[in-house]
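Look for chain A in each of the two complexes below; its partner is chain B in the first and chain C in the second.
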Partner chain A sequence: MEIKILGPGCAKCKATAEMIARVAGEAGRDVTIEKIEDMRQIVGFGVMTTPAVVIGGKVVHKGTVPSHDQVLDWLN
Partner chain B sequence: MSMQLSSRPNPQSDWLWHLGLVAFVALWWLVYQQLIAFSELVTALFPVDRHSHTGEALAFFFYDVPKVMMLLTLIVFAMGVVRSYFSPERTRALLAGKREGAGNVMAAGLGVMTPFCSCSAVPLFIGLVSAGVPLGVTFSFLISAPMVNEVALALLFGLVGWKVAVTYAAFGLSIAIAAGWVIGKLNLEGWLQDWVRDIHSGATAPDPTEDAPLTLVDRYHLGIEAVREIFGRVWMWIILGIGMGALIHGYVPEDLMARIMGADAWWSVPAAVVIGIPMYTNAAGVIPIVEALLGKGAALGTVLAFMMSVIALSLPEMIILKQVLTLRLIAVFIGVVGSGILAVGYLFNILF
Partner chain C sequence: MNDVVKKDLTEAREVCPTTSQRLLKEGALLVDVREPEEVAQVGFAGCDVMTIPLSQFEDRWQEVPRDRDVILACAVGARSLKATYFLMYQGYTQVANMQDGMTRWAAKGFPVIGSAEAAVSSAAASSCCGGTAEAASAETSCCGGGAASAGAGCGCEGAPAAGDAARASGGACC
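On to the complex of A and B.
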């Protein structure tokens, strides 16, 4: 599963990446996490708040660090 | 905000939450009444004379720290709940196509209400501009959001008094409205960075992800989350700021501040603005210092100008905005907002 994290490298963006990697590890899912820090690309997804999470080309989350359960939800 | 909080109807536990909130506020109030007694008690534990410089500084510190922390908890929680009714997407929908004037007023108000952190300033800016929100209206939003924030208001209210807090909010909003209006009149759309202009003219905004309606308890959770987040960010600034304030309170002679920051020194207002720009702290760090300076005879207008400059014209924010604005536009931004702050500073020194 390919997951993109949009954000200019702020603390919350890192926390989001760590959260997803951790939950994926626990659930035994194979995910590739790509961090997108270039502002033009971020804006291209139409998000106004970061960090945002994109799965399968779709923005599933934006503005906050997702919770453990939310991430688990996406992975299933 | 796409928080998928469980909006399960569960009236029983909902009532527990409401009652818990009422009990918390009541307890808060009781503790708040005891703060002076608390600070005297703690200060008495130190082997210093209560009326010495050190004694004064300690009493100041042990009174202000818990007071500010308590006020901050309550106000940030309340704002967190209020903000859960707003979102950047809703703000954009409200502002798109608005004319200058009314649009500036609305944008300044929404700047206070819309939840967003400074690291999202660039995507937010582009989101607004690309959806057809006029540049000047966007600036009103971007100026009021950091300037009139709940941390600043909570600290001003607690340390300097409600009159100054209300005046600060009113003039902060006025500057945001006026500066945005002026920038709009200057027609500076051409001074955006090229790539931003392309988005402006071409692509339209994609649909905002639909949110499930939140229950009141969900909103409490968001308020608690806001308290946790803001405390994590500002607690050190508050302690440092109050520590500095305590030192000024205890050791700086009365007439020194009256001489350099008093109303008679005409150059003190511009000096305060210029010194404030490169200073990077936030409201939490600067307001305790402001309180102490006021106590030593500094003029209110000068001190307000300093505070607004530190908060609204910060260098790191300029560096973030550099991605979307040309240097010329940033210079105009600093010039217009700086003039507004100067005007407020002088006005206050004359009035009070």
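On to the complex of A and C.
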């Protein structure tokens, strides 16, 4: 599963990446995380509030670090 | 949430405050994306101004007219560049970002409401992490990548954003 994390590289963006990697590890899911930090590319997804998460062509989350259960829900 | 329509945005047009001043006199609209407390300290004057804080921009961008030249501005030009790209994403074509924002506008002696000195001090003290303003030096802030370089020489009018480069506030020709 390919997951894009949109954000300028701030602490919340890093926490989001860590949360997704951790939950994927716990759940035994194979995920590829791509960080997109360039502002023009981020806005190119129609997103202004970060961190945002894109999975399967959908912006599934934006504005906060997702919870453990949210991430698990996306992976399932 | 939403299906993504990913767009490869072209680089935004950027104009210096001097060129902005001319375009505004010719009928362009200035959209100030600073937060209300910043606007209360010092505001753009002498032109047609619309205020939409960046924190509300996703909900209010449709208030920006499509049939008019629009210049977006903030304290130093980073947040307004983001708003410029967002309008470009939404299909706007007559938009430009004001390089260096209120800081340079006030330093040039262009009209303001309130204290021009506040423009410089608020920009220096602000931080993008608080959600109210971007730092003066993007290189050291979490907004890195959002600011554009002032560049060398006066390629201000129509110059595209430099993208990843941090803005050198003292290097602009204008």
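Keep in mind that, in the parts below, the second predicted complex is superposed on the first by the 76 of 76 C-alpha atoms of A that agree within 3 Å, B and C clash if a C-alpha of one lies under 4 Å from a C-alpha of the other, contacts with A are read in each partner's own complex, and residues count from 1 in each chain.
The rule is simple: a residue touches a chain if its C-beta (ideal position, glycine included) is under 8 Å from a C-beta of that chain, and two chains touch if they have at least 3 such contacts.
Note that this is a predicted model, so its numbers are computed, not measured.
Chemist: Is A:38 in contact with chain B, with chain C, with both, or with neither (first, second, both, neither)?
Modeler: Second partner only.
Chemist: By the touch definition at the top of the document, which applies to A:64: first (chain B), second (chain C), both, or neither?
Modeler: Once the two structures are laid over each other on A, A:64 reaches chain B alone.
Chemist: Show which residues of chain A both chain B and chain C reach, each in its own complex.
Modeler: 8, 10, 39-40, 43-46, 48-49, 59-62.
Chemist: Okay, in this complex, where on chain A does chain B touch?
Modeler: It comes out as residues 7-8, 10, 12-13, 39-40, 42-50, 59-64, 70, 73.
Chemist: Give every residue of chain C touching chain A within the complex, in rising order.
Modeler: On the chain C side, the touching residues are 1-9, 11-12, 54, 57-58, 81-83, 85-86, 88-89, 129, 142-146, 161, 163-164.
Chemist: Considering the complex alone, what residue numbers of chain A touch chain C?
Modeler: Contact set of chain A toward chain C: 8-11, 37-40, 43-46, 48-49, 54, 57-62.
Chemist: For the complex, which residues does chain B have touching chain A?
Modeler: 1-4, 88-89, 92, 115-117, 119-120, 122-124, 126-128, 130, 195, 199, 203, 205-206, 209, 323-324
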